[in-house]
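What follows is a pair of complexes built around subunit A, which joins subunit B in one and subunit C in the other.
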Partner chain A sequence: MTSIEQNSSASPQESVLAIINSKAPFSSSHGKDALDVALIFAAFEQKVSLFFQGDGVYQLMDKQDGSLLGIKDYLKTFSAFEFYDIEDIYVCQPSLASRQLDEDFHIDDVQVLSSIEFGLALNRHQHVLRF
Partner chain B sequence: MAIALIFQDKIIPTDKHGYLLDHQLWQKELALVMANHDNFELTDAHWEVINFVREFYLTYNTSPAIRALTKAMKAEFGAEKASSRYLYKLFPEGPAKQATKYAGLPKPARCI
Partner chain C sequence: MKTLAVVITTPPYSHLTITALTYVEAALVAGINVIGVFFYQDGVMHANENISIASDEYQAIEHWQRLQKQYQLPLHICITAAEKRGIACDAIDNDKINKAFTVSGLGELVELTTKASRLVQF
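On to the complex of A and B.
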């Protein structure tokens, strides 16, 4: 975790927590840490939204297997989001484009947003954690 | 200090709470030995949950928290078996905690 931001403009009835993933999987523990926090909040019935931007978009790419590196492949856990009621998953379109990645993800129901939409979606949350 | 888990003349490595360190060493007979150590009787209803939790772990690489477990079980077994009340009746010390133990999985990092 590198920063916590409080969003004073969001009203209380809006989603509680946004988690921004900005790092590629497996090169550091950021992605796994972000997932753990998301699942903890979800287990306590707190509404969590996930945002992917920058190199974080690589976490949504298919056909990766951390276990080849001797790391637990936490990306497989993304497929269990439905059981945690984690439904709002947003990815930044320019981040995909600048890395020449297709909108082809290993989980369903990912919403691809423009920079402006991405910012607006983020603004609907009371708290933002960036990993 | 954990009680050494001996199965078919081999010592099975466990953590201090008796959870297997390598889930691939698990088999049904081993689960019976583990439950026996705890004086805990496994019925068919317990097995249904244990097998389900193990399948969940193998699919998603994580042990389900109780809420996720009930939600996932609802699709599989129907609403009456998918309540935390039902699961706590079967596993009074906590379904996520106990079922994962006998399913040979690591102790869940998140405790509910």
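On to the complex of A and C.
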């Protein structure tokens, strides 16, 4: 993947891609599609960060099982983030608060950020994709 | 030189696709180097050879074909997203995929993202 590294125009302090997750996990395939993009970037050793905002915060809630709906439970794959070196996982605090959700996540090392911090973190990325 | 890559996630009948096409064509006309368009999620429906949109509707697929031909604009579809939607991509001489499109994977999206000065998603 040297050609990609050479062509990367991201400066060292800047991550290549931010992925914003804005949809609830099981009513559409947006969450799974976002996950696939995140894992492929990580597999190509491109720095990728995950942002959870709006109904997207439901993707991080503990004690869910998509298989009860007959859906492949892609949320289980979140536990592989560490293996893929996906370390920057941010969740929007006001999105949790407005849904009366506790910080009870099914993965570790999730950073809960205020709106301003969330925006600043996003700004450290060269590209953004939203699902 | 500034380079642009575009991600399309909307199907051919979406109004957002019209906006995307207008945007991409304006960029090409302005001489911006559009290094590729990546069709993901419902965007892959553009490559379905069996789709025929009613003649009084916007012909998004024809417009993509035209841009591809006129500007040699690379149009990539995500194979996983296509197969998930029932568009078989495995045959060698495939008559189910519109010839203007190239069957690619998400690795192509990584390539486009890292090469582009700017990535725009529709």
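To be clear about the criterion, the second predicted complex is superposed on the first by the 118 of 131 C-alpha atoms of A that agree within 3 Å, B and C clash if a C-alpha of one lies under 4 Å from a C-alpha of the other, contacts with A are read in each partner's own complex, and residues count from 1 in each chain.
What we mean here is this: a residue touches a chain if its C-beta (ideal position, glycine included) is under 8 Å from a C-beta of that chain, and two chains touch if they have at least 3 such contacts.
If you're wondering where the values come from, they're calculated on a predicted model, not measured in any experiment.
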| item | value |
| --- | --- |
| First, second, both or neither for A:69, with subunit B first and subunit C second | neither |
| Subunit B versus subunit C as contact partner of A:120, first or second or both or neither | neither |
| Subunit B versus subunit C as contact partner of A:97, first or second or both or neither | neither |
| Touched partner set for A:77, first subunit B, second subunit C, both or neither | first |
| Partner chain(s) touched by A:40 [first = subunit B, second = subunit C, both, neither] | both |
| Contact residues of subunit A, present in both the subunit B and the subunit C interface | 36, 40 |
| Interfacial residue positions of subunit C with respect to subunit A in the complex | 7, 40-41, 80-81, 84, 105-107, 109-111, 113-119, 121 |
| Residue numbers on subunit A that touch subunit C, as the complex places them | 4, 7-10, 16-17, 29-30, 33, 36-37, 40-41, 44, 46, 127-131 |
| Touch list for subunit B against partner subunit A, complex | 56, 59-62, 64-69, 71-72, 109-110, 112 |
| Complex interface listing, subunit A residues touching subunit B | 36, 39-40, 42-43, 45, 72-74, 76-77, 79-80, 82-85 |
